[in-house]
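Alright, structures below, take your time with them.
Below, subunit A partners subunit B and then partners subunit C, in two separate complexes.
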Partner chain A sequence: MAGIHIENVTKSYGQLSVLKNFSLEVSDGEFVVFVGPSGCGKSTMLKILAGLEEASSGTIRIGGRDVTDLAPGDRDIAMVFQNYALYPHLTVRKNMGFGLKMRGTDPTEIDKRVTEAAKILGVDHLLDRRPKALSGGQRQRVALGRAIVREPQAFLMDEPLSNLDAKLRVHTRAEISALHKRLGVTTIYVTHDQIEAMTMADRIVIMKDGAIQQIADPDTMFKKPANLFVAGFIGSPGMNFLRATVNTNGPSPAARIFGYDVPLRIPQSFAGREVILGLRPEHIAAGPGAVTFDVMPRLVESLGSEKYVYVDVPVENRVEAARTGGDERRADTIIARLINPDERVTEGPIKLSFDPARLHLFDATTQASIE
Partner chain B sequence: MKRSTLHQTTLYAAVFLVCAFLIFPIYWLFITAISPPDQLRVLPPRFWPEIPRWEVFGQVIRERPILLWLGNSALAAIGSVILSMTVSVLAGYSLSRFRVRGGQSLGLFILTAKMLPATLLVIPLFGIFRTMDLIGSLWSIILAHATLIIPFTTWMLKGYFDTIPRELEQAAMVDGCSPLGAMVRVILPVSAPGLAATALYGFVLSWSDYAYARTFLTNAQTNWTANLGITTMKGEYISNWGDISAASILIALPVLIIYLFLERYLVGGLTAGAEK
Partner chain C sequence: MKSGFGLDLARPSRRHWLGYLLLAPAVLLIGLIIIYPLIVSVDISFQNVNIARLDQPRRPFTTANYERLFSSPDFWNASWITLKLVVIVSLFCFLLGLGTALLVNNKFKGQAFARLLVALPWAVPEVIAVVIFAWMFDSSFGLMNWVFIKLGFIDTTVNWFSSPVAAFAVVCVTMIWKGYPFVSIMMLAGLQSIPDDFYNAARVDGANAWQRLVNITIPSLMPVLGVTLILVMLWVFRDFSIIYVMTGGGPLKATQTLSIMTYEQAFGFFKMGYASAIGVVTLIVCVIASRLMIGRAPDNI
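After this line comes the complex of A and B, so read on.
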């Protein structure tokens, strides 16, 4: 086990820069998740860590040892691939023992470690099968087993759950977390699924266009997003965004949304500036509250225990940024996520409300959070 | 959708006709071999001789150096396959995996050699081999066959390697293999069906060659290949078609046996299970 130190790593293909000054300190035993939309550079960074791609500049240290120029096999890391990458011509036993064999480990020791790992993962009855005779979930476990038998300093996982069906994904997600707690090996996990990131990570690194947007634990990431992108990416459904101009008509700065002046906790100096207000769907409630507004739902989706109410946004509050937050939601709609709502919500005009203290504020120009 | 009986019957009839069309020359070669010479040109033709001459095969082997010729053909074919596979595995893998400046054009340039007729290359090759003192040696046709085999097998293998996920060799490298080690330990075993098909293509191409052997080996009878040797069985005035046919069957047998042996590799499917 070891900590990982990544310092100013960049990667460019000619003029195209796919990774911009990536720096991160991962503690020994920590579970860090790289998350972001396709093409954000998260897999590239993982491959650079593994030594499968060369960084254009920067330094990587694993366990205090500079591995920047070392071959993948000399970095003492193990990797789990999205498509498992099991060797189809070898049995499960040989697949799991391959890395140890390459390192000249004694065959008796290989057998012992493979059997132990197979028992941990519940694949000990499959050891003499070939990968093609395994189900998707079993292959995934074998791929994990191949990583753990090596007892490496760190695990690198590249979207290992994305080929599993939804139910198995939830189950395996919990298993990987449990395995990490049991083994305590430093793990870097790449995914595009923010739910995986939120449920598994000690810390999340959220990326966009090759640059880190925020590094934080899941709760901080959810409660204090650094910018509009992070706010929109984390949470399901994503945060609602409303454009408004700060006015000082009342005693304190306020923004007019849905036809009401909503007080904001910002200095007077913001008067006249355009801001984007973020409001999480679960922070909107049915019925009267601190700020109440009457709406006619455009659509109501029922999930049994909760309802998603889609509401039209007044033209002056619409914001194109709503599209950039990771989901393809329309700019002219916000979603209210109502837990155990009244059955009558499905039809007719309803009252919705929210607490202004729940509002997140972002600069309309820089898209950075306004603290 | 259930096929109608008429559709099914037409399909089987078409398959039967095509098979009959393809198999008939082989059948006639066999009949010619085992028929007495006086029954070869009778009308109406006999589709099975009254008394088959089964002894013709043993007789051809005793009277002619067929086994020597077969041995030479085998040496030439195996030699050119080993040489071609060594070159084309490395070239095909490189073209498949490494993006180098001009790599695409280089790959296409390799293929242009395949577009030239073999006869066009005979003269320059003869000049080169004479300079190298290889005329009359089996090495001449091993090298000449390799020039024909390599362009095509390189592209065949490149296509095959393209279908193998890169993650396999990446996993092998993380497990401790060098790039070459990953290719040898993981990619080549996984590519067994592709390698078998490619090697077989090279073997058949070398085995069936006549033009190069006729040009480079004419004055070295002990190095004659089977195809070259068999043409000397045809006399200027009298030809024993029964013996020639029997020899032809003996020459065709090795390729047939190799096909049967490699068939399970040729149908492929070994990569199933490598990924999701």
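After this line comes the complex of A and C, so read on.
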């Protein structure tokens, strides 16, 4: 077990810069998740940690030891691959014991450790099968088993759940978390799924185009997103964004949204600046409240326990789609997520309300959060 | 509802009819060009025929051809030569083919050109390859004598085609040169179908280059390897033109394989019955050998 120290790592393929100045301190036993859209450089960073790719610059230390120029096999880490990379010509037992065998471990010791790991993961009855005779979930466990028999200093996992179906994914997610609690080994886990990140991580590293956007625990990530991208990426459905210009028509600075002046808790100096207001769908309630507005829903979706109300945004409040970090949602709609709604919300005009204290404020040009 | 005798091939229970229907022309053609000559040659091998003519009445059934064959030292000599040739040529084709495939599978500048170079001998017609090698090993103005003398391996020129051992070696070299690109191409295709993550996982597990070759590359190539091996062995077994053009089976029958012997008996001495018997034995050996090897192939992947 060991901490991992990443300092100013960059990576470029020719002209293409894939990682920009990546620095991160992972403490011993921590579960850190790298999350971000596809192609943002998560796998590349993981491969650099594993020694499978060379960093263009920067240093990496694992357990205090500089491993920047060490072969993968000498770093004492284990990796779980997205498609598991189980060798088809070897039995599950031999697959799991492969790493130990390569290190010249005593065969009886290998057998003992493999049996033990197989018991932990519930695959002990499959040890003499070939990978092709296993289901997706079983293969996934064997891949995990291959990592844990080595008893390495750290686990690196690259989207290990993305080949499973939705139900199994939720189940295995919980199992990996439990396994991490039990073994306490430092783990770096890569995913593009923000729900996996939120549920499993001690700390999340959110990335976009090779640059870290924010490093924080899941709650902070949700409550205090550092910028527009993080705000839009974390949470489902994603945060609603509205464009407005700060005015000082009233006693304090305010922004005009849906035709109402909403007071903002920002200094007077912001007057005239363009801002983007973020409001999470679950922070919009049915019925009157601190700020109430009447709308005509475009669409109401019912999920049983909750309802999604889609509302058209007035033209002056629309944000160009590019601003919200490539979120595929249409910029001309906001979503209200009404939990345990009563039957009133159906067709026809309704009253929605929100608490202005729940608003997130972002600078329209830099996209950074305004505190 | 019409319950006539419509031939509705889309019905699930009839679907296989369509398959048979489509296969029929191919089956007929194969029957005509492969099975028929085969039957004729088996038939002839049991008759005392010199020049086979289909319009002549059958000769009486006899096993004399086979009796003569199995008691003939020439036949056993040719079998031994063939076996030696198959083993040596296949082995070296494999080593060279796998080696070159591994080489050109790496990423480097000029990789496409290197691949082309490796595959080149494959595209050269056999007879032309023989002419090139016959010149290289020519006793008076060949390249090899000159090279070997310069390197100090020999002090007088060797007459390659009059020494049995040297002639056999030259035939081997020519066949290896002509045969390894096929192995190389097949291995390259096999190598490219191995996922990168197998190697990545092995590297993380601490396997060095040799361990990766032995534990991942070779086992992953096994299925392709088996089929390629059979094809190469069959090619060596029945190849005729290289040896015939190069040595004609000589000197002193040192390069007389079963196919050369078959040809010689049939068209040199016009003993068609006897030649057919050799051909039939060759065929049986080939079939048994490939059956054994396919049966042996590991059932992974």
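One rule holds for everything that comes next: the second predicted complex is superposed on the first by the 364 of 371 C-alpha atoms of A that agree within 3 Å, B and C clash if a C-alpha of one lies under 4 Å from a C-alpha of the other, contacts with A are read in each partner's own complex, and residues count from 1 in each chain.
Following the convention adopted for this analysis, contacts are C-beta pairs under 8 Å (C-beta built on N, C-alpha and C of every residue); 3 or more make two chains touch, one makes a residue touch a chain.
Keep in mind it's a predicted model, so treat the numbers as computed, not measured.
Asks: Overlaying the two complexes on subunit A, which is it for subunit B and subunit C: clash or fit?
Replies: clash
Asks: For A:Tyr87, is the partner it touches subunit B (first), subunit C (second), both, or none of the two (neither)?
Replies: Once the two structures are laid over each other on A, A:Tyr87 reaches both partners.
Asks: With both complexes superposed on chain A, which partner does A:Tyr260 reach: first (subunit B), second (subunit C), both or neither?
Replies: A:Tyr260 sits against neither subunit B nor subunit C.
Asks: Which of the two partners, first being subunit B and second being subunit C, lies in contact with A:Leu52: first, second, both, or neither?
Replies: both
Asks: Does subunit B (first) or subunit C (second) touch A:Asn163, or do both, or does neither?
Replies: first
Asks: According to the stated criteria, A:Met102 is in contact with first (subunit B), second (subunit C), both, or neither; which is it?
Replies: A:Met102 sits against subunit B and subunit C alike.
Asks: Which residues of subunit A are in contact with subunit B in one complex and with subunit C in the other?
Replies: In subunit A, residues 47, 50-52, 71-73, 77-79, 81-83, 85, 87-89, 98-99, 102-103, 130, 132, 146, 150 are touched by subunit B and also by subunit C.
Asks: Quick one: which bits of subunit B touch subunit A in the complex? Just the residue numbers, please.
Replies: 165, 167-168, 170-178, 181, 186, 189-190, 192, 270-276
Asks: Mind pulling up the subunit A residues that touch subunit B in the complex?
Replies: On the subunit A side, the touching residues are 47, 50-52, 71-73, 77-79, 81-89, 98-99, 102-103, 130-134, 136, 139, 146, 150, 163.
Asks: Which of the residues in subunit C end up touching subunit A in this complex?
Replies: Per the touch definition, subunit C meets subunit A at residues 195, 197-198, 200-208, 211, 215-216, 219-220, 222, 298, 300-301.
Asks: Taking the touch rule as given, give the residues of subunit A at its contact with subunit C in the complex, in rising order.
Replies: 47, 50-52, 71-74, 77-79, 81-83, 85, 87-90, 98-99, 102-103, 130, 132, 146, 150
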